[in-house]
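The data blocks that follow each hold one structure.
What follows is chain A paired twice: with chain B in the first complex and chain C in the second.
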Partner chain A sequence: MGVPLEAGRPVRSRDAGAARRVRFGGTAGMVGAAILLCFILIAVFAPVLSPYSPHASNFTPWQPPSAAHLLGTDDYGQDVLTQVLWGARTSIVVGVAAGLLASSLGVLVGLVAGYTGGWIGEVLMRLVDLLQVIPTIVLLIIIAAFVPSLGLGGEILIIGFLSWVWMARSIRSQVLSESARGYVEASRVIGMSNAEIMFREILPNLLPVILANLVLVVTGAILAEASLDFLGIGSPNVISWGTMLSLAFSTNAILYNAWWWIAPPGFCIATLCFAFILIGNGVLAMYAQRRGSMAQH
Partner chain B sequence: MAGPEPLLLELRDVRRQIRLGRKQSIHPVDGVSLTVARGEILGLVGESGCGKSSLARLAAGLDRPTAGAVLLGGRPLWDARDHVRARRVQILLQDPYSALDPRMRVEAIVTEGLRIARRERSRRAAELLAAVGLPSGAGAEFPHAFSGGQRQRIGLARALAVDPDLLVADEPLSALDPSVQAQIANLLLDLRRRRGLGCLFISHDLAMVRHICDRVAVMYQGRLVELVPACRLTSGALHPYTRGLLAALPNLDPRAARRQPILPRGLPLPAPTTGCPFAPRCPGVHDRCRVEMPAWREIEPGHWSACHDALRR
Partner chain C sequence: MRVSARYVLKRVGFALLTLWAAVTADFFLPRLMGGNPAEYIASQTSLGSPQLIAALKAEFGLTNPNPFYQYWRYFVELAHGNLGVSYEYYPSRVGTLLWHALPFTVGLLLVAVVISFVVGIFLGMLCAWRPGSWFDSIVVGTSFYLHAVPYFWTAMLLLLFGAFDLKAFPLGHALPAEAQNFGPAGLVVRVLWHGVLPVLSLLLVSIAGHVLVTRNNMLQALSEDYVVLARAKGLPEGQVRWRYAARTALLPSFTGLMLSLGHVVGGALLTEIVFSYPGVGQLIYQAILNHDYPVIQGAFLIVALCVIAANLMADLVYPLVDPRVSLT
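And then the complex of A and B:
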């Protein structure tokens, strides 16, 4: 047919190889992932790892760390180490579930607002603005005044519905930039529906942004869960780091110098959040490098 | 030629208005009438910002005209319910790098317009890729593995998948090397010959336009100023703007004097409200040009121009 071929085989540039070699966000990201893995293992194997039953409260109260109780005992005669190990379950479950809920909402709203635009987008973004100016923790305290106890499911719902707005914002801006790209217009011309374009074409290109935001949302959810429990709105029957801190606070543990009761849950909350932040930065760095090398093609 | 060729695309006095504020608005396309026949390649040239791409978007159904009608095969492109009758018109974009979804395999990209079973896809993709001169193995790769020219071929394969009648190509060659430009241009000519594909071909490159197009439309500030058979472009251009564009082409003979000076730079914005929009830059401007809008007239068979002096040349 007389069409000359420019190099028939796909060209693989050196950059493409380099992009594949980019590790998962470098060392920091790996450290974050390792810490998270530790916490997940602790949560999963809490029954095996804990020296005592989580409900055993027949030990001498206020004992400092010893061989029998590595992290001492609390005011109620419970083993602190056991509480910390079981608390990991609550934090991770609530954090991840609320984070996923918030992310799904945020992605959905961001996609629709960014792609359809017009009055729908305008209404959605005003809603985001509105939710953004409501101080979350104050709202939680108000809710606490009306609801005696939330339970785990309630906590997940409340945290999820209060933390999707940031996600929606950053997703929307990314969708705006993707929509201006040629492949979206080509898909429109080829007859794909708006839903197909949003979910099949644009969504996969948002994955890095979603992932990076997801870990931040999860971090926020873990902190919010701890705050809820600390304020006593969470479920009092469930062992969590927030509940531990709350009890320590209400029994004046700090006056009794019972650092072994306060420090471990605080340290765990901080470390788990730190791990998620490291992972988030790692994902973003990986994304930036990929984009950079793609732009050169 | 027996009988009139059926008109593929017909633009009837189309306008596109963009509101900038409560009172201000601009008109990227300001009353353009144009036709593309089946199997015809119509070139569209003009400087940056003259409305070429806006016109292309109207022709492809990506934007809806503010006024006027876009007809495809005699039927309106936009139906009564504001839906565009897609798929008969396909586009080929300027930037081959953003034209392909980086997260889809080539196979999925070229067959995404087809509602067919998964098993069918790779077979069909291989056919389409072969039609644009790519090996069948290309389907399994992601777009980043391909060069600009290869990506433009993939974009073309995607457009051909739905068997369109018209291809709107918005500067499909300007991001490519000259040697690759010639290959894609030949591919377009080949597709026109074998499939009767009509094409609205937008370009800055007058030499390329002269080479592959049947007719050439010249656009200035949202209007057509000249429509000329490609073979007459160099020798018979009547509008001073067209002649200015031609004069801007580099001449390989250093001793040859320029027949006409290169146009003065710059767009006078806003355009004059009365008279010829080109008057402020026209080397042959006279009083009549400043007060009276020149009519769009057929000067000789198939050759239209919007200049008061067109007949005198």
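And then the complex of A and C:
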């Protein structure tokens, strides 16, 4: 949830350390992909992997980890491990769905603003500037607080509609540099329509940048979802890592020294987002290597 | 170095436009959920007489149902500094509640943002000077991970280990319970003591972004032709790094600092909740629990106003650091 890293502007790989960095980026990207795969498997097979039913709450509360409960039990007498496994579903679904929504919006705005330019481009970019200054995470919290019973779908929608700004900015600057290349002019000469040039010619060349930005948007969406759930204004009836932390906080888990309830959900949120960041970084490193020191900006 | 009047006007104009957008969003938010705040308040205070409803309607500017009129009244009331009345703490005014909470949030943020920026760019530059070294790998790897950590989780862990297990720090709040027993100096020490863990939780997460952005910019700057030339001329390495590369590398970091402000503010609001720190975040949390909508609305406005003002100040200072900006 810190500085949105600017994807799409890889360092020019001219210096000696560059090759090594690319290799490092590639390896890190594979590690990220492996971690992500683990989480996806956990999400898919949660019913099989969970030792207990996610709704079973008949255990002794506040038990530290034991053989019967590897991650102990919570205040409600629920098995923490079961909750953690089922929580993977919420984070991945909301993160990816909101990320895809935001990315589609961002790519659309960035393409139109960068390619058509003119007053439309100007208006769109002023809108982007404006949304960048308004603290969106705070706006998100406020909107969620006002909308009664948001639910998962609502969370996806508002996170998606408030997270496209970075993508739009990054795509626009890429489109500007693409537009200066010969093939765009050539397509125009042979009579292709603007829409065709934008979506059939320019868009495929942007895919690495889109992918690198997408994983950052997904990371932001996962963290935003966790924050809303922590505040109890997301989807409190769905098992999620954010809701687990929310319940742990409101039932004073800290005063019970229930580290087994507090540590796992946050660790999972951070590790899942970490995996996405590594993947994005790996994509950018490979992209930078392929294009060499040319054609940046 | 002079800043052109046109540049100043443009930036101030943009800040006003942003502020207008924030106020407009704030105006429409409560209308998302329908209902009438006057009747809601009256029902909450269990004094729900028709006279009270009429008086409250007048106070909220709801006597005229025309939405354009209400929108206009909203601006007029805001211009008079009137943010409305709290449902929960009726008849406390929202402005008063925020006024008491704001210094804690601003203090927390100022300390955390300045330390994280300075330490972050320093670490980022050290990494860029030895790319691929073990130091670089560890710092970059750690930064990637910390960048992905939720603010409220670090806060909970710090509270658990630092305050509950080690008993080294207080378990929350900004002041000791018997504040009147301490002299001014003792009070200052205790306020700082209460702030250590909240600031630390913000630092841990927000440093990561600065490290990564600065490292990237520094690597970019070190590969620029003028730096290569400076090296070829045989200038000492320290001079090349600080006088040549660092000056261009730090400008984008400064912009990054302002753009990340919204995120850090969001993080601070969550951190305050965990530490029961009596700032705006805590106020918002209580307001969410109590459905105290005017407070939520007012809090967003104040937070947006602060972030917009900080950005405007940065915009106005920026040309003094980088004269190219005001020429465009």
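The working rule: the second predicted complex is superposed on the first by the 265 of 297 C-alpha atoms of A that agree within 3 Å, B and C clash if a C-alpha of one lies under 4 Å from a C-alpha of the other, contacts with A are read in each partner's own complex, and residues count from 1 in each chain.
As a convention for this text, a contact is a pair of C-beta atoms (placed from the backbone, for glycine too) under 8 Å apart; a residue touches a chain by one contact, two chains touch by 3 or more.
Since the model is a prediction, treat every value here as computed from it, not as a measurement.
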Partner chain(s) touched by A:G232 [first = chain B, second = chain C, both, neither]: second
Touching partner for A:S187 - first (chain B), second (chain C), both, neither: first
Which of chain B and chain C A:N205 touches, first, second, both or neither: first
First (chain B), second (chain C), both or neither touched by A:G118: neither
More chain A residues in contact - chain B or chain C: C
First (chain B), second (chain C), both or neither touched by A:Q132: second
Shared chain A contacts, counted only where both chain B and chain C touch the same residue: 1-6, 11-12
Residues of chain A touching chain B in the complex: 1-12, 16, 181-183, 185-192, 201, 204-205, 207, 294, 297
Sites on chain B touched by chain A in the complex: 60-62, 86-87, 89-91, 93-95, 97-104, 109, 112-113, 132-135, 137-138, 141, 144-147, 149-150, 155, 158-159, 161-162, 179-180, 183, 186-187, 190, 194
For the chain A and chain C complex, residues of the former touching the latter: 1-6, 11-12, 14-15, 17, 20-21, 24, 28, 126, 129-130, 132-139, 141-143, 145-148, 219, 223, 226-227, 230-233, 242, 245, 248-249, 254-255, 257, 259, 262-263, 265-266, 269-274, 276-278, 281
Residues on chain C engaged by chain A in the complex (per definition of touch): 14-15, 17-18, 21-22, 25, 29-30, 32-33, 131-132, 137, 144-154, 156-157, 159-160, 163-165, 171, 205-206, 208-210, 212-213, 216, 219-220, 222-223, 256-257, 259-267, 269-270, 273-274, 284-285, 287-289, 293, 296-297, 299-300, 303-304, 307-308, 311
